[in-house]
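Two complexes are shown next, each including chain A; its partner changes from chain B in the first to chain C in the second.
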Partner chain A sequence: MQNAALEYDYSVAKWFTYLAIIFGIVGMVVGTYIAFELAFPELNNLFGQYGTFSRLRPIHTNVVAFGFTLSGTFATFYYVAQRVLKVSIAESKTVHGIAKLHFWLYLVLAAWMVVSELMGYTTSKEYAEMEWPLDVLTVVVWVLWGIAMFGLIGMRREKTLYISMWYYIATFLGVAMLYLFNNMEVPTYFVTGMGDWMHSVSMYAGTNDALVQWWYGHNAVAFVFTVPIIAIIYYYLPKESGQPVFSYKLSLLSFWGLMFVYLWAGSHHLIYSTVPDWMQTMGSIFSIVLILPSWGSAINMLLTMKGEWNQLKESPLIKFMVLASTFYMLSTLEGPIQSIKSVNALAHFTDWIPGHVHDGTLGWVAFMIIAATLHMAPRFYKREIYSKKLMEMQFWIQTTGIVLYFSSMWIAGITQGMMWRAVDQYGNLAYSFIDTVTVLHPYYTIRATGGLLFVIGLFMWAYNFVKTMQSDRVLEKEPAFASPMGA
Partner chain B sequence: MEQIRELQAYGYFFFTVFLTVVLYAYIVHLYRAEKKGTRNYEKYGKLALDDELHRAPVEPNEDEDEMKENKEKK
Partner chain C sequence: MFHWLEKRPFLFSVGVFLVIAFAGLIEIVPDFAQASRPVTGKKPYTVLQIAGRQVYIKDSCNACHSQLIRPFKSETDRYGPYSVSGEYAYDRPFLWGSKRTGPDLHRVGEYRTTDWHENHMWEPTSVVPGSIMPSYKHMFHQNADLETAFAEALTVKKVFNVPYDKPGMPKVGNSKSDFEAAKKEALEEAKKITADMKNQDVKDAVNRGEIPEIVALIAYMNSLH
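Up next is the complex of A and B:
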């Protein structure tokens, strides 16, 4: 039927994988460094203005979200899409060329983002810090991804789009909509002739700005940290384990549930603020409802392993993916709990929030990207994965790191929340702010140590990946399911 | 003001009922399509497992085949 010499072309997938590894390390080294800064504030002074928490924090969040996670998303997309659509990207020079252009422009954008934020250029909108020229380039990069995506879909031999493709398409459409609306901004120099040409101000003001910002901010979590990662797990867990998805119907139902509900939950970031009360309540309610579709996907993944749980013991890749799914369940239960108004009164602005974010991002997002790249490595290079033992060690070191991270932040957050609102019999505040800082110091140190363990695991991942590329244990044919790995 | 609140409450209630019906209708639709034999959703789980380029598609894309045939005719 097809040309016998035709093969899947992994070039663009490989390039994005390299970027995922590099950005993973950069983003999380910076994150760990600023975690130590919170525990030991003198570290803020080591590199002048370039080493302060405020300058480095956006670099950490932007690099892990838009560098590491999106590189992982693109790498897996250019791998998975070809396979589930049964089409090689090399079959169309145009689509292949656009995919390559997508990569190179993305690289320019990512580098520009890091440099401009290090220089202090920021819109001051959380997770949307990139200034307007970078936003324009983001749109170009995103459109190129869309053309490559729909180009591949147009060329497909497989009529039905596998569920992972639905999630990749949703990532594309969701981010496009959110990004455009939240980044509506006025470049001040070109409108008033004053100020820096890079500088801009938001088109929205006050409460409206806050509402649009958190509609975007929360859905950036949805469409960068959740939706593409579900796309990844729906392909890689069945493929690595050799088990079809437990229930394809459940995957469809969860998809539509997630798409509908997620977009309404953002206002839970603004509880007890100046936005209308009904909107706060709506954010809470939709957050609770969100447990259903989230758990629908997670349980579907765990049930996919039904009767095959021995693989959990035998394969570190399955360990990464099953724990990722479990962390997804933990995180998607914890988030809704935090969005209940009475819980939010205690939790908001405390360290419980970064604790919640990190059990999702480290346990769910990073574990899935790590597992996906290591699953792809033997297929990329036709070689066995260099070391199973190293992977096992990485898994346990990183899991320990995550547990240290979120448990310390739970304790710190709840302590902080309780201390802030403690009053004496006359209604005077019982503690000053510095009292909480003193109490929290040990937990900040534990958190930073947890981060450090995770980063050590990232270096093990990078080492294992590079050694796999150079391994002399060559495979004669592409493995069908479980990835072969050396001792 | 009170009237608007009352309308909002009715609107909210019926919208919730509507969405619940849509959700359950979708589940019924999925199962009914399988029962009637128009679709077998579970076979799509194989799309991830049988994904080698040279294997026969789980469900061939007819448009693609037609396009190829047209090209050959030309």
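Up next is the complex of A and C:
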């Protein structure tokens, strides 16, 4: 065991951080634009066929999930793994080379994804829209990450894997399994020798396709929006606050519990569909059970702040992280509620669902990634964070945005669900479908405004980050805990 | 035990994998064969309908429209009989959607007509005042990719034994060389649709032997029963 401080190599972590910022802005600008389209439909036809809600929606979801969130995951991974395994990635030329290749191929993939989806190449399966050649490249990128991960693990000096590593490993394995099975497809060109070479048909048909898709779709949420983000919070919150993780046992319970339970819950997307009733019930029950491991992690993080709540007032970084775990609790309570059959009957197909997704993705995922990158900035560049005040403002603007977003979508969703089923005194449907659309205009406007506020916050984040890189307030040595920040 | 496991990354990973793989096996596998059976009388899509389905997917109509009628009176009153599994036996991929920004379309062929779709896709508010749907004018001057549709039909016939060319079922043939025959058939089918349409450019295109996306899409919409 060496005692001298290691010189970590942050090159790949930095690159992925830049990508997280860029994709965060691109993905959410598109998201906000299509949110305004729902409120003001004229916007749909400003860019011909390339500007419609329908063409842009997959780009929004894919860029935020696989551009922004995965970049954030990879950035933090290449930072955290070196530190908790006590090894510098530069110690092995091979592993370092693989990590760089991982980055560049990932960038090619992401760019190709955006262009091909804009052209209309999509399999239609949600969060698996990429056509088969991109799927093949995805597998390559993923395997490269795996080699880098297990390469670093193989070189480690600290023998015991820290909690964050458990979650990164689970992310790697979970996405690999889900992605492979859901994207099984037959390229039509290879069978027939004609037509578009990018085109494929799904290996599964109808109900089976739906079942595999939502086993994937739900767990893509698990292994992209939950598991790696828990990896992030388990490292960055204790580190920034200088507090030890509250409970090892709670970490154990929530990790293994989450791994076991999450995968069962996918069929709650198919309640009252044509999949067998027992599967729907399983999905429903396991969704409720899922509250336990989810809240286990969140409570473990909140209790880590025990006795140090003054930091919440002093540090905007702590604010981001504590509110993130609170949003995680909100979201993981809301999800199970929507999975109860009678609630699902009302909520399914309505705006309450995107509302739920966004309190999780904006409040939990984006907040954690933002906090992690700003924690890393002073360590990357040996400089103080440019402005604390700007970060405070960003925090409050974005929080307001999220609240506007989900509260308007709650109202919209429940209104819509109630109107679809409302009957008059003779038992006839009381509203035509279009009545249930026009009534949503104010809520769509509020939602889009919420999104806009969040995007404004992203620009403040990017500005603060870039200014930190150029700051003249150089640090003598790396800060141990709380990140130093200028006024 | 857990401390021991946390020092052994390989066994740890195996453990995680077993725990996460479990649920999929139990929930997906047992019902797989049962759920693949078509209801009696179900026909696979014609080549023109597949071309339309590809247009539907290309423009992500499924982002706002479901194709799944749930077994509630409020839904069967609005959209028709609730959906059953065997109706989807030839749907690769399935197109249930997850959001109804617009209404369900699983049985839209029962109550909307060719000319209604023509007007609606050109300018939605002309038939549904207050509609927030985009207009899809590009579908009127952009051609559907019939070759790829044919390739898809041939692929599912060969790989998944979809019963094309059986008595009473749509025809596709056995190889690349059958494309011309399939195209001729698709054009015949397309002419029946354009007979009910008013856009002269679209009619002219079909007479020239082309198939604008809108014609294929309407063929698909009309097939949804």
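Methods note: the second predicted complex is superposed on the first by the 480 of 487 C-alpha atoms of A that agree within 3 Å, B and C clash if a C-alpha of one lies under 4 Å from a C-alpha of the other, contacts with A are read in each partner's own complex, and residues count from 1 in each chain.
One rule holds in what follows: a contact is a pair of C-beta atoms (placed from the backbone, for glycine too) under 8 Å apart; a residue touches a chain by one contact, two chains touch by 3 or more.
It should be emphasised that the depicted structure is a prediction, and the values quoted were computed from it without experimental measurement.
Asks: With the two complexes overlaid on their shared chain, look at chain A and say whether chain B and chain C clash or fit.
Replies: Aligned on chain A, chain C fits beside chain B.
Asks: Go through the superposed model and pick first if A:Tyr443 touches only chain B, second if only chain C, both, or neither.
Replies: After superposing on A, A:Tyr443 lies clear of both chain B and chain C.
Asks: So which one touches more of the residues on chain A, chain B or chain C?
Replies: C
Asks: For A:Lys159, is the partner it touches chain B (first), chain C (second), both, or none of the two (neither)?
Replies: both
Asks: Per the contact definition in the header, classify A:Arg421: touching chain B only (first), chain C only (second), both, or neither.
Replies: In the superposition, A:Arg421 contacts chain C only.
Asks: Does the superposition put A:Trp256 against chain B (first), chain C (second), both, or neither?
Replies: Both partners, chain B and chain C.
Asks: Taking the superposition as given, does A:Tyr33 touch the first partner, chain B, the second, chain C, both, or neither?
Replies: In the superposition, A:Tyr33 touches no partner, neither chain B nor chain C.
Asks: Is A:Phe66 contacted by the first partner chain B, the second partner chain C, both or neither?
Replies: neither
Asks: Figure out whether A:Gly242 sits in contact with chain B (first) or chain C (second), or with both, or with neither.
Replies: After superposing on A, A:Gly242 lies in contact with chain B but is clear of chain C.
Asks: In the superposed arrangement, which partner chain does A:Tyr10 touch: chain B (first), chain C (second), both, or neither?
Replies: neither
Asks: Please state the minimum Cα-Cα separation between chain B and chain C in the superposed model, rounded to the nearest whole Å.
Replies: Superposition on chain A places chain B and chain C at a least C-alpha distance of 7 Å.
Asks: Indicate the residue numbers of chain A shared between its chain B interface and its chain C interface, in ascending order.
Replies: Residues 159-160, 252, 256, 260 of chain A touch both chain B and chain C.
Asks: Quick one: which bits of chain B touch chain A in the complex? Just the residue numbers, please.
Replies: Going through chain B, the ones touching chain A are 19, 23, 26-27, 30-31, 34, 41-42, 44-49, 51-62, 64.
Asks: Which chain A residues qualify as touching chain C in the complex?
Replies: 37-38, 41, 44-45, 48-49, 52-55, 57-58, 120-126, 150, 153, 159-161, 166, 169-170, 173-174, 177, 181, 186, 188-189, 191-196, 199, 201-202, 204-213, 215, 252, 256, 259-260, 262-264, 266-267, 269, 272-276, 279, 282-283, 286, 345, 348-351, 353-354, 420-421, 423, 428-429, 433-434, 437-438
Asks: Which residues of chain C touch chain A in the complex?
Replies: For this pair, the touching residues of chain C are 2-3, 6-7, 9, 12-13, 16-17, 19-24, 27-28, 31-32, 35-36, 54, 57-64, 66, 68, 70-72, 74-75, 77-78, 83-85, 87-103, 128-138, 142, 145, 147-152, 154-156, 158-160, 175-176, 179.
Asks: Could you list, by residue number, the parts of chain A that touch chain B in their complex?
Replies: Residue list for chain A touching chain B: 1-2, 4, 6-8, 82-84, 86-88, 155-160, 162-164, 234-235, 238-239, 242, 244-245, 247-249, 252-253, 256-257, 260, 478, 480-481.
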